[in-house]
Each structure stands twice: as C-alpha cells, then as structure tokens.
Amino acid sequence: MFEFILPNAWLIPLVPVLAFALIGLFLHRWPKISAALSIFSIAIAFILALVIAGGVFSAPAGTVYEFSTRWLDMPGLQVDMGLLIDALTAVMLLVVTTVALLVQIYSLGYMKGDPGIASYYAYQSLFAASMLGLVIANNLGQMFVFWELVGICSYLLIGFWFGKYSARNAAIKAFITNRVGDFGFLLAILFLQIMFGTLNFGELSDSMAGFTNMTILIPVAILLFCGPIGKSAQFPLHVWLPDAMEGPTPVSALIHAATMVAAGVYLVARAFFIFSAVPQAMTVIAVIGGFTALFAATIALTQNDIKRILAYSTLSQLGYMMMAMGIGAMTAGMFHLMTHAFFKSLLFLGAGSVIVAMHEEQDIWKMGGLYKKMPITTWTFIIGALALSGIPPLSGFWSKDEILLGALASGHIGLYIIGAFVAFLTALYMFRLIFVAFFGSNKAGAEKAQENSAVMTVPLIILAAISVVAGLVNSPLMHNAFGHYINSPAGIEPHPSLIIMISSTVIALAGIAMAWLIYQKQVISAEDLKYRFEGIYKVLYHKYYIDEIYAWLGARLVDGMAKVLYWFDIYVVNGFINAIAYVTAITGEVLKFTEDGQVQTYALYMFAGIVLLLVSALYAVYTVLI
Amino acid sequence: MIGLTHYLLLGTVVFCIGLFGVLSKRNAIAVLMSVELMLNAVNINFVAINKFITPNDVTGQLFSIFVIVVAAAEVAVGLALIISIYRHRKSVDLNDFNLLKW
Amino acid sequence: MTVSLNDLVFVAMALVIVVAATGVVMLKNIVHSALSLILAFVGVAGIYFQLSAGFIGLVQIMVYAGAISVLIIFAIMLVMDKSVEKTNLFSPNIIRLLAGMGLTFLLFVTLGVSIWFTKFPVVPAEGPVDAVGMLANLFMGDYVIAFETAAILLLVAVIGAIILAKGAEDKQ
Amino acid sequence: MNNFPILSLILLAPLIGAIIIMCLPKDNGKAIKYIAAISTFLSLLLSLVVFIGYDRSLGGMQFVEKIPWIADLGVNYALGVDGISLPLMLLTNLIGFSAVYASWNNKERIKEFFALLLILITGVMGTFVTTDLFIFFLFYEVVVIPIYLMVIMWGSTKRVTKEYAGMKLTIYLLIGSAFLMVGLISLFIKAKGITGVPSMDMAFLATIDFPVSFQVMVFAFMAFAFGTLLSMFPFHAWSPDGYAGAPTAVSMIHAGVLKKIGGYGLIRIGLFILPAGAQIIAPIIAVLAIGNVVYAAYICISQKDLKYIVGYSSVSHMGYVLIGIAALNLISINGAIIMMFAHGVMAALFFAMIGNLYEKSHTRNVDDFGGLAHQMPRLSVGFMLAGLASLGLPGMVNFIGEFTIFVGAFSTYKVLTIIGVSGIIFTALYILRALGNVLFGPRREEWDHLQDLKGPEMVPLIVLGAAILIGGIFPFTLMDLISSGVGDLIAQVGLVQIGGIL
C-alpha cells in the first residue's frame, strides 16, 4: 500500500484542489454538499498522510523518497513540481491534515447559518491543498509558489466576512506584510539560483558542502529568513497576526495557530543546511525568535479579547520555535511545532465555542462562570492551557523543555533566561484568561451560555487527547523516537537533564499560582497593579504602538510619495507635453500678424527673398570677382 | 568711353526706381506705371547685351519684343482690373484693400 | 580717353531717362507722373536707336509711348473722381516705406557691384545690316511657337480687359 | 496543411468580417455583432490550430507564405510564425474575441464600432504574423487610425477630455512610428549598400553584419519608437490617459496587444538585426525600465479611477518586460515574452470587467463603490482573478513571466533587479486596496440595481480566465514554444557575443 501511495503522494494536495474546483465552479449553490465534499476530501488526504507516515516511520531513519516532474524549464533555469517525502514531511503532513480535518468538522457547527458556507469550505480546501503542496515541495521554487498561494488563502479567509471594514483591511494588511517577507524570500531564491544554478534541496545541499566563501551566504541566509519572518509573524512583520483574528475562529485555529504560521519554521527546518552553514544567520534567527517570544508574551498579558490573547500567545510560541532553530536545536523546534499545533488549535476552537455560546462576545471581562454552563469546553480549554504552560505530563512540557535544554546545551544562557521568563509569562496570561473567563464572577452575558453541539465539542475532545499524548513521542519513555527520525547532522543533540525539567515545571506552577492570586482570589487586585504600572500597562496594551508607527510611516513613505510622484507625473511629464503643444499654438498666434492684407507688403516679402538670394549668390561668388 | 557696363548700370538704376515705385506708391495706377519702368529696364539690358556681346545676332532684340508684347497685355488687363475694382470699391488706394487681413 | 559724340548722347539720354523715371515715382500729381513716364519711354527709345536697334526703338515708341501711355491716361481719367493734385502719394505705412527703400538700395548695390566687376566678353564687331529681316526669319523660324503664343496672349488680354471693364454694368 | 494559407486566413478573417459589417444595414445590431463574433472566433480557432500544429522540436519560422509585392524594394507579403510571434498572435485573437463580447451591449453606432474594431484587430495581428519589415510597418500604421476614431467617438474620461486623450494617444504613436520609419529606411539603404540586394526580409537583414556605430544609431531610433509604444518611462504619458479615454474594447486591445508590438519589435528587430547596438544601449533601457516599474507602481497607489489604476499598472508591468529584454540573455527574453502574453490577457480581463461595471454604474471612481461582491459575485470573481494575476500570484501566468524575468535579469543587472522585485510589494498594495474598496466592505443600497454578468458578458471572463490559469498551472505549454523561438534567435545572433549567459 505504502509503495503505491508514495510515488503519487501528489494526490494529497490534489484531492482538496479538486474539491475546491468542484465547489467553486458547480456546487457553490448547495452549501451542504460542498461542506461534505470538502470534509471528505480532507479526510482522504488525512488517510493518505497516515499511510505515508506509517511507511516513513517503519523505514530506517533518514531515508528520503524524491519524485519530480517538469514544470518550468528552459536552458539555464529549471523549476519542477516534485515530492520530497522524509520524516520531516511525514510529521508535517500528519499535523496539517489532522488539524485541518478537525477544524473543518468543527466549522460545521461554528458556521451554521452563515450564507457563505460554500465559499468558506472552498477556501478551506484550497488552503489545505496549498499548505500540503508547500509541505511536500522538493525545491525552493515550488515552495515559493505554494508559499504565496497559502498567503492568498489566508487573505481570502481573514477577509471572509468581507462585509466588515475591519476584516477587509486586516486581510489586506496580512497579505501585504506577508508580501514584504516574500520579497526577501524571492531575492534569496534568485541569489541561490544564480550562485548554484539549482533550487532543488538535495542538489543545493550537495553543492553547498563544497562552497567556500561564507561572506556571500550571510545576506542570502538572512534574506531567506525574511520569508519566515513574514509568514510566521516574527518581530518586525508580526503586526498582521493579531488583526487576522477578524476571520472566523476555526480559520484562526487552522491557519493562524497550527499550519500556515508554522510554514516559516518548516522552511527553516527544511533549508537548515543553508542556515547552519552561516553562524551569523543562526544568531540572527535565535535573537529574533527570542525577542519575539518575550515581546509577544508581555503584550498578551494586557489584552482583553480572548482571541487576541491567543494570537499573541501564538506569536510568542513561534518565537520559541525560531529561537530553537536559531540555537541549532532543529529537532526541538519541530517537536514544539507539532505539539504547539495541537494544543493551540484546541485553545482556539475552545475560544470559538465560547464566542458562539456568548453570541459573538469576545471580551473576557464580560465572560464569567462559564465552567458551570460549558463543562466540556472549559475542561478541554484547561488541558490546552496546561499543555501550553508546560505542565509535565502534557506535550507542551516535553517540547518546551527540549528547547530550554537546547538553549543551555548550545551555551546561549541569555536565551535560556528569556525562555524561562516567557514560560512564566505564558502560564500567567493563560491562567489569567481561564480564571477571568471561566471561573470569574457571573457576569450578565454569561447566563444564557450553554454547551455547543457535539460537532463542535468532539473535535475539542480529540485535540485534548492528542495534546496529552503527543508529548510522549519525544520523551525519554519512548527513547526520543521523534528526535531519532527528525534531526540534522549540523544541529545539537540536547541530552535530557532532570534539573531543567523540574525548574521549568516550578516556573510554570509559579505563573499559574500568580494568576490564581491576582484574578481568582483578588489578593493582589488587578486594578492597582494596572494603576501602579500605568505607563507600562498603556504601552503593552497598545502593542508598543508599532501599528501606529507603521501606519504613520506608511502614510508618509507610501501614500505621500505616491501623491508627490502623481503630481510630478501630471505636471512635469504631461506638463512637458502640453508645453510643446502650447508653444506651437503661440508661434501660430505670433506669426499671423505678418499677414496684414496689403498687396505691397506681400510684394515686399517676395522681393526681400529675391534680394537675399542675390546677395548670397554674390557673396558666394565675390571672391572670384574681386 | 561708354561700354556695356554703363548700359547695364542704366538698366539697373531704372529697374530699382521702378521697384521702389511698386513697393511704395499708394495709387494702383502708379504701381502699374512703375512696373512698366521695370520692364523697360529689362529691355535696355536685353538690347545692350545683344549689341555688345552678340552683335551679329538679334535674339536679344527678339526677346525684348516679346517683353513689350507681354507688357502691353499686362497693362491692358491691369488697368481693366483697376477700373473694375474702382467701380466696386470707389477707390484706387491700395491701402484700402485688405480683405486678406488676419 | 576720347569722349565721342556717341558717349555724350548716351549720357544725355541716360539723364533724361533717370530724371523721367524719378519723376514717375516722385511726382504727387498722377497725370504729371504719367507724362514723365511717356518721356522715359521716349528716352529709352533713344537708347535703342543709339544701340543701332532701330526697329526695337520704333516698336518702343509705337507701343509704349503711343499705346500703353494713352491707355494709362485713359485709365487715370476714368478713375479720377476727386481733384488730381494729391492722388499719387506714398503709402502711409512708414516702416514698409523704409523697408522698401532699403531693399531697393541693397538690390542696386548688389547688381551694381556684380555688373561693375564682371568682365563681359565684349565683341567689337558692327551690327548686321538687315536686322529686321533676321528678326522676321527668327520669328517665323525657331521661335514660331513663341510668336503664336504671344498672339494668343494678346487676344486673351484684350478679351479679358473688355470683360473686366464692361462686366460692371450687367451685374446691377 | 502545408500550402493551405492558414496564416493569411487568420489575418484577414476579421478584415472580411469588417467588410461584411460595412454592407449590413445600420440598425441590424444583432447581425453585426454575430458577424463580428464569428469572424474573431474563426481566427481564434485557427490560431489555436496553428498553436497546436506548430512543430516545437523543429522551431524556426513555420506556416510560411510569401507573395512578392514591391520588387525593387524587395518587399514581399511574407507571413510566418515562430516561437516568439505565435504566442502573441494567439494573444491577439484571444483578446480580440473577448473584446467583441465585452462590447456586446454597446448602443450607439454599432456598425462603425465593430467595423473599426475588426480593422484594429487585423492591424494588430498583422505586425506579429509578418516576417517582412515593410509589412510590419504597414500594419503598425494601420492600427493608429481606428484607435483615434474609436477614442474620439466612443471614449469616456473624467480627468481630461476624450479628444485630448485621443489626440495625445495618436500623436505619441505617430511620433514613435516616425522614428521607426527613419530606422527602417536607414536599415534598408545600408543593407542595400552592403549587399546590393534590396530586401526588407527580417531574416535576411539579420544575417548582415552592420557596422557597430550604425547599429547603435538605428537601435536608438528603434528603442525610442518601440519605447513610446511600450510606454517606457519618460514616454509613458499617453498610456494612462489613452486607456482612460478609450472605450472598453479599445483599451482591452490596446493594453493587451498594441503595447506588445513595442516589445516584439524590440526583440525581433532590435536584438535580431542590431545585436551590437542592443548590447550598448541595453543598460540605459534597463535603468529606464526600473524607473517604469517603481514610478508607475507608486503612482497607482494614489489613483482613484479604476482605468487609471490599470493604465499605470500596465506601464509598471511593461517595465518588467523592458528589463527582461534589456538583460539580453535567453532566460530574461523568454520571461519578457511570457510576461507580454500574461500582461495582455490580464489587462484585457481587467478592462473588460471595468468596462462592464462602467456600463452599468456610469462611474469608475473607486470611492463611489463598496461591497459590490454582495450584488455582483461573478464580476468580483473576474476582478479578483485579474487583480491577483496582475500582482503576480503563482498559479497564474504573470508569476511565470515575472519569476523568469527576475532570474534572467538578476544575472545581468543585480541592483536594478532588486529594486524591480520590490515592485511586487507596491503592486500588491494598490491592487488589493483598489479591489478591497470596490468589492468588499458593507453592502450599499444604491448599487442594488446592478445585475451580475450573464450570457455574453461572461465570455471574456471564461476565455481570458482560462488562459491565465492554464498558462499559470501548466507553463510548459507556452514555455517550450517560446524558449525554442528565443533559442533560435540567440543562436542566429550568437556570432555577435551578447552580454549575459547565452
């Protein structure tokens, strides 16, 4: 079975594309059928992914299957559509298909009654297809193609409720910010194509081995990292992710928690041989990752919208993964990506069911006492939060611990401290949310909240189960099976140490305790904390005013410049043309005065001409005469 | 000793006087008369050159006759024009006719 | 250099012509300028006789001095409605006047210089005896087409003149 | 199929259609439209036959027809298509066919409109199909007059009067063609001087090795002539006004195909016949091209009129084509030709949609619209398809063009290409902002009367949309053909070492 599926693994992205085409062209008038078709297609993809994963993980580690067909080739440039199936791809396939399947099932409940369900499912299957295409790509060109397609799908899904101005603008903002990242990514691709003549990962890594001068590679690696900065919303280009919460919550769960934002990390993992060859680039990645983690965690503390909190938490966790990549612990990064995908999508879906129950109310301060009304959502949400904070038995603990270990092992003490502090903050803001929203005093809006239908709660339960189990895959109990398969020769191999495990658990528990004190017991009242640290609170709440800075810069540099250039175009370039026309008109106007209607004047002009000729003839000849 | 040059100079003088008359006189008939003068100047040159350069040939004189013929025709038509304009516009002053004015 | 009778006659004739020509242009009264025109024609005829071109001289007197001057005077009579004194003035457009003067002077200087400095290949032979006979042969020989065209030209001119001058009546 | 004059039939089908239309009675609108549709459909069908029948492995000129016309000038009615001209001919027919359908519900003076439109299509197609310089120039001139008449009679614009737009458009093109004529004549005379044989045939002229100084001078003329047509940076002033002023069908054909004559001419005459001249002047063109890209992209951001946005964006896209040509190597010229095809199809679809919207709402200002996706979903699909294609989304043929040009140009002009690549950000910005304002946002009651595309109005969307997607998802259909054409050209010209990797 595996041998049959493997060579045509391109079926995995193809099935959802077919679903998209069918829905788009024919079925969009029947929402029910299109939803069913889309879920059916993603289910098939999930099964295929399972088969592939089974096959890959049964084969010895490090075996790579590669097939590719001609897509765009001419003498000197060869970009083909191919398949690269190895452990990394298998893991990503599993993660993407599971989360996508569960989210699509969940959406049946969440989107009930929405007129545009058909197009919603069309975009969902298009997204699934392009994400899967990106995962199995075997060269950078093909990856860039799907990279942009994923970007446009996120644009369509964020702007799904295009009736709202905020959704429309958020979608544009998301695409443009991604596009800035893609600009760097494209330049890196161009450099690599010119330097090595190929974009295929295998050939690249071979020719990279022999490559000597590293100085050229530094800008290339950093430019290549621009793509992930844009896509995985790292520090300078993170502004779009919080606004992306305008889209429906299942979309946020799928795209802005589990899959798309993880694409950046996946690219770094896939092209790890490029980055690891350039130590400067590694430090850049580590620093940006660390900073983003800290930066986002601090903002999450002060947010009031349930989805915004989760969005900043995602930002922070992505920073974690990038930091892991930066310090060389590629295995830890990928492992954290996998676990994070599960529990973060769980949290988002939980938030979604809360929002549905609360009839579109997203402010946590207006929620309270939900644990009585929505037991399943509450407990699954708590499991997710525990996993995220890194409490031992759950998956988050193992992956985060791995990263902290990696930080220590690679000697980045500063990053370890940041990592630990972020872990503390994560526990704090997650349990702030839980205590306020679920266990807080009973607010008015919360009465009529009641548990959602099975179609929404079942995926929550499944995801909760996975996020409990997922951690064991790379735990010492299963002798680091995950690390055994996904590792890179250049990366560092952190050996488990008991002290770090205990210390990170203690930090997480401290965060939970602090949240319990402030928000549940109100021993330290949140109000005076806010009052005492007024300045800091305001800065954090306004997201360090970065959005405002970008808006101000944008207005100056882009719109202002555009107006200046338009003015230049109209008045200088067109002005020059109109000036020529005006000059010809004026000369006509002046010359008309020579025609005064007198016969003798005309006679005078004629004879003047004749005399002129004679004089010039005489002048020409006078040397001969005199 | 009078030579061909003097005749040609005489012709030029008469021609220039005629030209000045054409360009400056107000009365249409005066302009016509000046034109006649210019034509005569040309004839003088014709006959003089015929006498001095090709004495035993009369082509020069032949051409001067043709000039006279043309001059006669031209005066007849010119005066008829002037008269018909006069009858129409009651004036012979060239400055009054500026229909072509911009 | 010996001043022969011929030279004296030429100078006299030249003076008469130039004075008459200036008279045509300068005199205020149109009739006086017409008369001085006649005088100029006669002077020119004298030059022809001096250049031993008798036939041309006679033709000149008959056609120019006789016919054309009479025609002009007739025209002047037909056209003169007010008193004759101030009829032949210069045009009021001073700039154009000066331009005309300058132009004429420039023309005169150019032609004069070129005539004065060119060495004409003068052939000092005596003229043919039977000039008129040779003229007739040429007219009926080489230039017969030109001759006939000149005839037609005169016919057209006459008819044209009549139509133009007469045309005014039947229009009313 | 060898002696059946398929190319002449393709070329003259629209012309015959025009003649038939002229004989029809004025008020019989239906018949006129059907004749126009049939004739353009016939030439589209035949050009597809040629596209499929073209033997890619053989390459070079195929379907050649030659009828001597003016002997002493060495001019003969010579037709033939190769890898470079075939896609552009297909493009002309695609756009011509959809232009006829885009102007389906024109009301006034249908007869003159369609007659002129068909003549315009023939004129434009003629330049691609012929292999003779004189015929190229003949068709180059045939194109200008119908455009002027159509802009004057059926035009519509706000910023400047349509007369101004028409006049500016025509005078610019005529100035361009004047320089072209000078170039052609000097080329002809020099060739006659060197070989003694009077010939206007491009292939023959290419074999002659002209002196370098002569080549530079003539190429400069050609660059100016084709530059104005291709709206190169300083000479682009006519294109935005021209498009805004022109009626839908004309701006479709104009943006879609007429600009490509400039690009095609630069490649076919510039590189093919004057390689040394091209090599010297190429850097200047490259710099201007980058000016094109960034300058026009920036201006688009501040535009409010939809047609002006597409007008300036086509100036920006032509900047890519120019940098592709100026990089003078196989990959970049391939990219330039694919980009020409891609931009043609995209611009035509965009103008068709804008025209359709303008017919119904009588305004093109972006701020007047909002939330049209509620009322006109199909139109929004068309707009989105065209918009995404123009910002170079993979899966559409524009991305293939842009990517190939970037790779090709990057090897010759590193810094310029980096600036050029930054253009994709600004393109995305103004396209999405314009589409966002027009299509998305809350529903507005005043636009409820607009009814969506149906029947004949869907044809441009289907035909051009299919071309965009097929070209994007399966680029090898076009790419093999073009790279074989360009390969021959570079091989022929290889004797004069062209900069960049051959």
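Going by the order they are written in, the chains are A, B, C and D; count residues from 1 in each one.
We adopt the following convention: a residue touches a chain if its C-beta (ideal position, glycine included) is under 8 Å from a C-beta of that chain, and two chains touch if they have at least 3 such contacts.
These numbers come from a predicted model, not from an experiment.
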Need the most distant chain from subunit D, centre defined as the mean of C-alpha atoms. C
Point out which chain occupies the most central position, where each centre is the mean of Cα atoms. D
Indicate the whole-number Å distance between the mean C-alpha point of subunit A and the mean C-alpha point of subunit B. 98
How many angstrom lie between the CA centroids of subunit A and subunit D, rounded to a whole number? 36
Averaging over Cα atoms per chain, report the distance between subunit B and subunit C in Å. 6
Using CA atom averages as chain centres, what separation in Å is found between subunit B and subunit D? 67
Where in subunit D do residues touch two or more other chains at once? none
Touching two or more other chains - residues of subunit A: 598, 600, 604, 607
What positions in subunit B touch 2 or more of the other chains? 19, 23-24, 94-95
Once you've mapped the touching chain pairs, tell me: line, ring, star, complete or other? other
Chains touching one another, given as label pairs in label order: A-B, A-C, A-D, B-C
Interfacial residue positions of subunit B with respect to subunit A in the complex: 19, 22-24, 31, 94-95, 97-102
Residue positions on subunit C within touch of subunit B in the complex are 1-4, 6-7, 10-11, 14, 17-18, 21-22, 24-25, 30, 33-34, 37, 40-41, 44, 47-48, 51-53, 55-56, 59-60, 63-64, 67-68, 71-72, 74-76, 78-79, 81, 87-93, 96-97, 99-101, 103-105, 107-108, 111-112, 115-116, 120-123, 125-128, 131, 134-135, 138-139, 143, 146, 150, 153-154, 156-158, 160-165, 167-168
Mind listing the subunit A positions that touch subunit B in their complex? 592-593, 595-600, 603-604, 607
Help me check something: in the complex, which residues belonging to subunit A touch subunit D? 70-77, 79, 141, 144-146, 148-149, 152, 155, 159, 162-165, 167-169, 171-172, 175-176, 179-180, 182-183, 186-187, 190-191, 193-194, 558-559, 561-563, 565-566, 569, 573-574, 577
Contact set on subunit C toward subunit A in their complex: 91, 93, 96, 99-100, 103, 106-107, 110-111, 113-114, 117-118
